[in-house]
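Should a chain be cited, it is by its letter among A, B, C and D, assigned in written order, with residues numbered from 1 in that chain.
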Amino acid sequence: MNAAWLPLTTLLTSLLAAVVIFTLPENARRLRTSANLLAAVGKIILVGLMAVRVSAGHEDTFSFQIVGNVDFVLRADALGVMFAGLSSLLWLCTTVYAIGYLEGSANRKRFFGFFSLCVASTLGIALAGNLFTFLIFYEMLTLSTYPLVVHAGTQKALDAGRIYLRYTLSAGVVLLLGAVLLYALTGEHSFSSEAGLGNYLADHRGLLLLIFALLVGGLAVKAAMVPLHGWLPRAMVAPAPVSALLHAVAVVKAGAFGILRVIYDLYGIELSVELGVTTALAVMASITIIYGSLRALAQQELKPRLAFSTISQVSYVVLGVSLFGPFGTIGALAHLLHQGLMKVTLFFCAGNYAEELGVHRIDEMDGAGRRMPLTSLAFTIGALGMIGLPPLAGFITKWYLGVGAVQAQMYWVVAVLVASSSLNAMYFLPILHRLWFRTGPAHGQGQWPKEQRLGRLETHGWLLWPMVFTALASLGAGLLAGLPFSPLDWASRVAYGEYLP
Amino acid sequence: MMSLLLVLSLLWPLGVAMLVAWQVYRAPAGRHDYFSWWWLSAAWPALLLAYGGEVQWTIDVWMLGGEWELNTLTRPWLAFTALLWSLAAVHARGYFAAEQSQAQSGDQAVQRRLARLSLLWPLALLGNVMLIIAQDIASFYLGFALMTFAAYALVVHSGTDKARLGAKAYIILAIVGEGLILGGFLWSAGEADTLTLQGVRESILVAEHGAWMAALLCLGFGVKAGVIGLHVWLPLAHPVAPAPASAVLSGTMIKAGLLGWISVLPLGEAGMSAPLTQLGQVMLVAGLAAAFLAAFYGVFQHHPKAVLAYSSISQMGMLTALVAMGLVAPDAWSILWPGVVLFAAHHALAKGTLFMGTSISEHMPRWSLALIWPLLALPGISLAGAIGAGMVTKWAVKSPLYEMEHDTLIKLLSWAAVGTAALVSVALWRQWQQRQPGGSNGWQWGAWLVGISAALITPLWLPLPAESITMPPLKEWLGILWPLSVGIALVATGRLLLRFINTAAPPAGDLWWLYAGVIAAGLGPVKRINRGCSELKTACVVSCRQAERSLMDALTRMLEAENWMRHHVSGLMMALALLLAVLLIWEGQR
Amino acid sequence: MIWRFGLFDGTFEPLASTHWALVAALGLPLLLGMLAARLPPRQAWPVLLASVPVLASGLMLLSAYDQAGPLRWQWDIAGIQLSLRLNGLSVLMLLMTQVIGVAAALYTPGYLRLSEPGPLSRWLWPLMGVVLSTLSLIWLATDLLTLYAALELMGLAAVGMLMLSAKASALVAGMRYLLLALVGSLTYLLGVALILGHWGRLDLPGLAEVVEPGPVAWFAAALIGAGLALKAALFPLHAWLTPVHESAWTPVSALHAALVVKASLFILLQLWSILLPDAFYAPRVIAWLGMLAIVWGGLLAWRTDSLKTLVASSTVAQLGYLMVVFPLLLGPDVAPLSRALAWDGFWLQLIGHAFAKAAMFMAAGNLMLATGESTLKGVAGTSRRMPLSLLVLGVAAVTLMGLPPSAGFTAKWLLLDAMVRSQQWWAIAALLIGSLLTAAYVFRLFRYSFYESAPHHHYQPLAPGMDLIALTLALAAFALGLLAHFPLTLLHGGGA
Amino acid sequence: MIAFFEAIAAFDVIEVLLALGLTGSALVCLFDRHLVRACYFFVFFAAAMTLAWWLLGAPWLAAAELGLGLGLTGPCFFYALGHVLPSASSSLERDTFSEPGSRVAMRVLLALAWFGMVGAAIRTVIADMAYSPLEHPLLLAGVVIAASALGAFALHRHLLRRLLAFNLLGSGVFMLLAGVAGTSAAAQAFISVGLVVAWLGTMLGALLIRRLLHLEGVEALGRDGNPKESAI
C-alpha cells in the first residue's frame, strides 16, 4: 500500500507554517512561536512515521505529471528519510534557539517565514524523487536562504548576500543545464530506478562525463568544495541560528546530499567508478578537507573558523561517497548526520558566547568556561567530535571512512584523514585551552566585550537547552552507535540497500 | 556479579568526576574538600576488580561494539595501575593540603587549579582503567585518548611557565601519537575488517604491509612509552608536575603505551614475517639505545624529578627491548611476558614511590635523616635490582633469556641496570641537596610508606599466573647485585672528577630544543609564503574591483545606444523589412 | 505548424449557447467599459460583480471547446468573408486576457482613488474595454481584415490609455508610440495588400491552402514581419516601450505589457507560419535579434534607477526569450518532438510572463504609490514596512528569472530541452545568460529593499486588496509552473 | 520598370496628370518646411485622391476620402497648426529643426531601397495579374509616395510633419492596395477601415500636438524622448 499523503503532508507542514507566519502580524509573538513549534514537532512525528514505514519496506510516493516527460515526484526512500530526519530534528532545535536568539529584534516575521520556507525546501530536497523535483527545491532553497543571509540589513550582510547569490545562482544555471542534458539524453529518470545509466555508457561516454561534471559542479558550490567555497565564510554575517542551519543542515548538506543522489541514484556507483569520476571527486574532496582546515587555522574569529571547519568537514561526505564500498558509504551517510549535530552545537555555542558575552574573537574567550560552563562543555564536546575522538560521533564516521578507504585501496585517504584530524586538533584545542585553562574576565581579569545576563542560568533558556540537546545527541550518536535507528544503524541500512540490492 | 564490578570500576571514577564538577559548580568555593573520601576512592573498584578474577563482557550498543575483558595479562596490569592510582590519590591529599587550606581561605587561582586537578584526575584514571580492560579498538582508543587529554591538567597544574612548556610538549606529542595510532588502527583494522585488538594482531601478522602498520602503532604508543626520539615530553613534564601526578604519569600512564604495544603487536605468534622481525630488531636497538643514552644524559640533570624522568626513559628502554624480543624471538615470549609484566609493575610502584619521595624530601617529617634517607633509597635500590622485588624482576626477565641463549642482551641489560643505579643515586643525592624540613603531612608519607612496601614485595601481591615467577637461585645473586655497586661507584668517581669543573646541567628534554628549533626554522618560510599569498589575494581583489568599476562605466556608456535606437525606430523598421526581404529572396533563389 | 493554430474546418457546429458566450466574450468588456464611463465605480466590488459574466463566458467557451473540439464561425458580409475559430490556443489566450483584464480592472478603482488622477480618469474604463474586446477578437479572428481592424483599434485604445496620465513625458512618449504604431500597421497593411492582390482571399485557412512559397509570400512576410515587430517591441524596435511605461498608470502598464504587446507577436507567428512554412534565415534573424534582446533588456534593467523602467526593460528581455524560439517553430527540418516542446514552451513562457509582468507592474505600482518614490533607492527599506508588496514582487520575479517552481521555469525547461535536442547551443547560452541577468537586476532591487538603515518616509496606506490582486496573479504564474499540464493539453488539443 | 513603360505606351493623359499631381503635391507636402503651405498641399492631395478614387470607379471610397480625408483630416491639421479656434499657445509656422546630414543621407538611402523593394513586390504581384482596372501611373505614384512618405516620416522630427508623412504614407498604401487588389469589396473594406484609423490617429495626434505646445512649447515637438531617459 502506498500512503502518498505522507511525504506531501510532511512537506506541507513547514510550507503551511511559512504561510501562517507570513500572514500573522509582526508583533504576534506567541502565535508565531506556537505555530513554529507545532509545525516542527508535527514534522518530526511525520518523519518518524515515514522512517517506520520505510523500515517496514514501503516506499510512499506522491507524484503528478508536470509536462510531457517530466513528473513531480516525492518519494520517501531510506536515504531521503535520513536527511529529512536530520533536517526536521535540527529544525526544531534551531527554531527554539532562534526564538530565544531573536528575542525582541526586528523583522522576526520575515525571518521565521523564510526560515520555514528554507526548511520546507530542505525537506523537499530530501524527498525529491527525481532530478527535476530535486532541482525545484534546490533553487527554492537558494531563494529562501537569501533573506536570511541579509537579515541584518547592514552593508556587510548585503554584500555577503550578493556573493552568495552570485555563487549559488550561477551554480543553479549550471545544474539546470546538466539536468536538461540528462533529460534530453535519457528522458524521465527517477532516482528509484535500479538501472542507472550504465546502458548509455557505450556510445555517450563523453556526454555522461560532461553531464556529471555539470551536475556535480553545480552541487559542489553549495557543498562549498574548494575552489567554490567563497560564499560560505562570508555568509557568516547571518544571525547565529541561520549560520547554524546553513552550515549544519540546509545549504551545504543539500549540496552534499545532491552529490550523493547523483552518484548513487542517478549514475549508480558502479558506473561512476567505471567513468573514473569517483577518484577525481576523492581528490577534490581531500584538497578541500586539507585546505579548509589550514584556512581555519588562520582565522582569528570564532565563526569564520567554524565556517572553514565546515568546509573541510562537509567534504568528508563527498570523500566517503567517492570511496567504492559499503564502508565509505556508511561513513558518508553517517557523517551527514553527525557533522550536522556537532556543527549545529558549535554554532549554537558561538551564538551564545556572542549573545551573552559579546565574544566574537577567539582571544576574547579566555576563561569563558567558568562563566558559561554548560555552553563551554557543549563546545568541548562538539570540538572533540570534530577532531574525531571517541566516544563522539565524529570518531565513528572517521573510522568508517578510514576503513572504507583502506578497503577501496586508497591508502592516501587515511593519511588525509589523520592529517585533518590533527589539524582539527590544532585549531580546536587552543580554543578549549582558552576556555578552561586560561583566566579571563570570569576570574576578575578584564571585561567581557558586551556582557548581558540573559537568564537565570548562564544564559537564556531558549538558547541553552537546544544546544545541550544537540551536544548530548552528538555524544549519544557516538557512544551508543550500536543502537537500532541510530544514525550509524540507519546509514548502514541505506548503504547495504545500495550495495546489496 | 563480576561484570557488574567491571561496570562499576568504570562508572565509579566517572561518578566521582561528576560529583566534583557538581561541587565546583554549586558549592561555595570557600569551603569544600577537593580531596574527599569519594575522591580518594575513585580507583578502589578497579582494584577490587583486579583481584576479583577474570571476566569478559560484550556490549553491542557501545560505539562500534564493545568487548571488555580481564585476562591473565591485564589482571596484574589493572592491579598495579589501580594500586598506584589509589596510593597517589592518598598522597595527593597530603601533598595538596597546603593548597587546600589556601583555597579555603579564598584564593581564587588555587581554587581553580585544585578544581581542575580534582576533576580531571578521576577522568584520567577512568581512561587508564578502560584502556586496560578494553579488547575492542574503539574502547581502547577512547581510554587512551581520555587518559592522555585528561592528564594535561595534571601536568599543567602549577601553571608556571615551565609547567606550561612541559604541558605544551606533552600535548603536542600526545596529538602526534594519537594521529599515528589512529592511522595504524585504521589501516590494520581496515585490511582485516575487524573491530578488536585480537583482530588487529592477526591482521598485522598476515597483512602484506603488516610491518608498516605495526611501525605506525609502535611509534604512536611509543610517544607514551617514551621511545627514544619521542621521549622528550617526559623530562619536561615530570619536574613541573606535582609529585603524585608525576607518580601516576611515569608509573602507569607510560605503561599504557607499553600495554598498547603488547596488545597490538603479534608478540610470540608463530609465522612471524621477516619485516616484522626486522621491526623487532629496530625496536630492540632503539630500546637499548634509550636505556643507555637516557642514563648517560640523566646523570647530569640537577632537578631530581628530571633525573627520575630519565631513569623512567631508560627503564622503558629496557622494556622496549624486552617487548621487541617478542617479535625477534617469538617462542620466548610465552615465558617472557610474566617477567615483562612484573618489570612494569615493579617499575611503576618503585618509580611512583620515588616520585612521591621527592615530595617527602621537600617536606621532611620530623624524623631522623638516618631513617628517611634509607627509606627514600629503598625503592631505588630495588629498582636497580639489588633487593626485594627488584631481584625477582631481574631474574624473571633474565631466566627466559638464558633459556633462549640471548647472552648479549642479558649483558646489555645488566649494564643498563648500572645506568639505573647511577641515576637513582644521582637522584637521591640531588634530593639531599634540595631537602627542606617541615610541612609534611600524614597522608603524604603514609601513602609513601605503603608504596615502598608494596614496591618491595611486588611479586607477592601481583596476580600473575602461578609459578611464572621464581626467586633467583643464590649463584645468580652476584650477577644481579653487581650493577648497583658499580653504578654508585661510577657516580661517586664521576662526582670526584667533576668537582673542580663547574658543569652547567644540560637542559632537560634534550631533543625537544632541537625539534623546536627545526620547526621554528621550518615555520619561517611557511609564514612568508602565507603572507605572500594573502598579499597576492588582496592585490587580486583590488584589481578585480577596478576592472568591475571600469566595466560598469563602459556598460553605462554602451547603454546610451538605447536613445539612439529610440530616435531611429522607424528607420530600423525599414532596415529590418529590407533585411528580411533580401534574406528571403536570396534564400529562395538558392 | 498550421494545424497547431487550428486553421482548418471544425468538425462540429457551435451550439446556440456557445454563440452567446462568444458574443459575451467579445462584446461585454466593451459594454461594461462604456457603462463604467457613464458611472465610474469607486469601489472594487461592482467591478467584481461585472466581471463575473465575462469570466463565465470564457469558461463556457472553454467547456464548449472541451466537448466539441475546435469550432468555427463564418459570416459573409457584402462579399467579404469574416471568420473566427476557437481552438485550444485561442481559448487559453482568451482566458488569460480575461483574467488579467479583470485583475487590472479590479485594481483600478483603488489606484484611482489613491492617486488623484484628474478628469481624464473616466476615459480609462471604455478604453480598457476596447482593448480587452479587441484582444479577444484577435485571439479568435482568422481573416486578415478582422485582424487588421482589431489590431488598429487595440493600438489606438492602448495609446489613449497610456497617455491618460497627461504628463508631458507621457504625451511625448505616447505620441511617438502612436505614430510608430500607425506606421507599423500601414507596413503590415502593405504586406496584406500583396497577399490580397496575389491570392485574392483573406481567410487564413484558405490562404494556408493556396499559399506557396514565392516572391510575393516573401515580400509580404518581410513587410508584415517588420510592421508587427515594431508593434510588438521586438528587439531593435523596442525603444519606444520603456518611456511609454515610465509615466503611465499602473493598471494600464500592466495590461499593455502583459497583453497588448503579445497580440502583435501572436499575429506575427500565425501569419509567418502560413507564409514561411520552412524558411531558414528569417526565423534565424529573429532568433539572433532575440538573443541580443535578452542581453540588452537585461542590461538596461540592471543599470536603470527607475523602478518602472526596470520592469519595462525586463519585458524587452522576456520577449527575447520568445523570439529565440522562432527557428524551432518555423524553421525547416526540426524534429517533431523538439518542435512540440518548443511550441509548449513558447506559449507557457508567454502566459507565465503575462501574469508575472502584470503582477510585477502592480506590485511596483503599489511600492511607488506607498513610498511616493519611483526610483530603486526610493524603495530602500521597504522590506520592513510593506513586506507583502515586496513578496509579490519577489514571486513575480521568480517567474521572470525562470526559477522553480514557476511557469517561467517550466517554460525554460521545455525550451532548453527542445534546444538541446536540436543542438542550438547559442540559444541555450542566451537563455541561461538571460536568467542570470534577470537575477542580477531583480536582486539589485531586493538589495535596496533590505536596507535597514533607510530613511523613514511616511507611507501612504494602500487600498484593501491592491496587494492581494497582484499576489493572485503572481501565484497564478507560480502555479502554472507546477500545473502546466492542463494548459499544455489544451495546446495539444489544437487538432492533432 | 516595365510598369512604367506600359504606362507611357497607354498614354492616358488624365491619369498621368493625376498621378503627377498626386506625386508632386505629396512631395511638396512632405518636404516643405513651411507648415501652412504643407497643410494646404495636403488638402489638395486629398482632393486629388478623391478624384482618383472616382476615376478608379470606387465612388464609395471617393466619398469616404472626401468625408474623412478632406473634410475631417485636413481641419485636424489646421487645428494642430492653431489656425482654427486659436488657443493661448502660439500657432506654428515653420519647422525649424535641422537634422544632421548623416541622418538625411541614411534616410534617403533607406527610402530608395524601400522604393525598390515595394516596386519589386508590386511588380511580382502584377506580373501575373490578368486584368487590372487601373492604369499603372497611379500605381507608380503610389509606390513613390509610399516610399518617400516613409522616408520623410523617418527623417523628420517635427511631430506635425511626421503626422503629415504618416497620412501620405497611408494614402500611398491605399493606392497600392487598390492597385494590386483592384476595387474588390475586400479592398474597399480595408481602405475604408484604414481611412477611419488614419483619421482617428490624426485627430489624436493633432490634439496631442496642441497639448504639448501648451505644456512644453515648440521644442517639445522636435524632442524625441525626454532628457531623463538619456540617463538610462
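In this section, a contact is a pair of C-beta atoms (placed from the backbone, for glycine too) under 8 Å apart; a residue touches a chain by one contact, two chains touch by 3 or more.
Just so we're clear, the structure is a prediction, and the values are computed from it rather than from any experiment.
Both chain B and chain D are touched by C. Any chain that touches chain A and also touches chain D is listed here: B, C.
Ranked by distance of CA centroids from chain D, the top chain is B. Mean C-alpha position of chain B lies 78 Å from that of chain C.
Rounded to whole angstrom units, the spacing between the C-alpha centres of chain A and chain C is 43.
Separating the centre of chain C from that of chain D, both taken as means of CA atoms, is a distance of 31 Å.
Distance from the chain A centre to the chain B centre is 36 Å, each centre being the mean of its Cα atoms. Residue positions of chain D touching 2 or more other chains, listed in rising order: 117, 121, 150, 153, 224-225, 229, 232. The set of chain C residues touching two or more other chains comprises 176, 183, 214-215, 219, 222-223, 242-243, 300, 303. Counting only residues that touch two or more partner chains, chain A has none. Chain pairs that touch one another are A-B, A-C, B-C, B-D, C-D.
Interface residues of chain D facing chain B in the complex, by the touch rule stated above, are 106-107, 110-111, 113-114, 117, 121, 150, 153-154, 224-225, 229-230, 232.
Those residues of chain D whose C-beta lies close enough to touch chain C in the complex are 117-118, 120-122, 124-126, 128-129, 146, 150, 153, 159, 162-163, 166, 169-170, 173, 176-177, 179-182, 184-187, 189-190, 193-194, 197-198, 200-201, 204-205, 208-209, 211-212, 215-216, 220, 223-226, 228-229, 231-232. Residues of chain C that touch chain D in their complex: 78-80, 145, 148-149, 152-153, 156, 159-160, 163, 166, 168-169, 171-176, 178-179, 182-183, 185-186, 189-190, 192-194, 196-198, 200, 202, 214-216, 219-220, 222-223, 242-243, 246, 300, 303-306, 309.
Interface of chain B with chain D (complex): residues 559-560, 562-563, 566-568, 570-571, 574-575, 577-578, 581. By the touch rule above, chain C contacts chain B in their complex via residues 176, 180, 183-184, 187, 213-215, 218-219, 221-223, 225-227, 229-230, 236-240, 242-243, 276, 279-282, 285, 299-300, 303.
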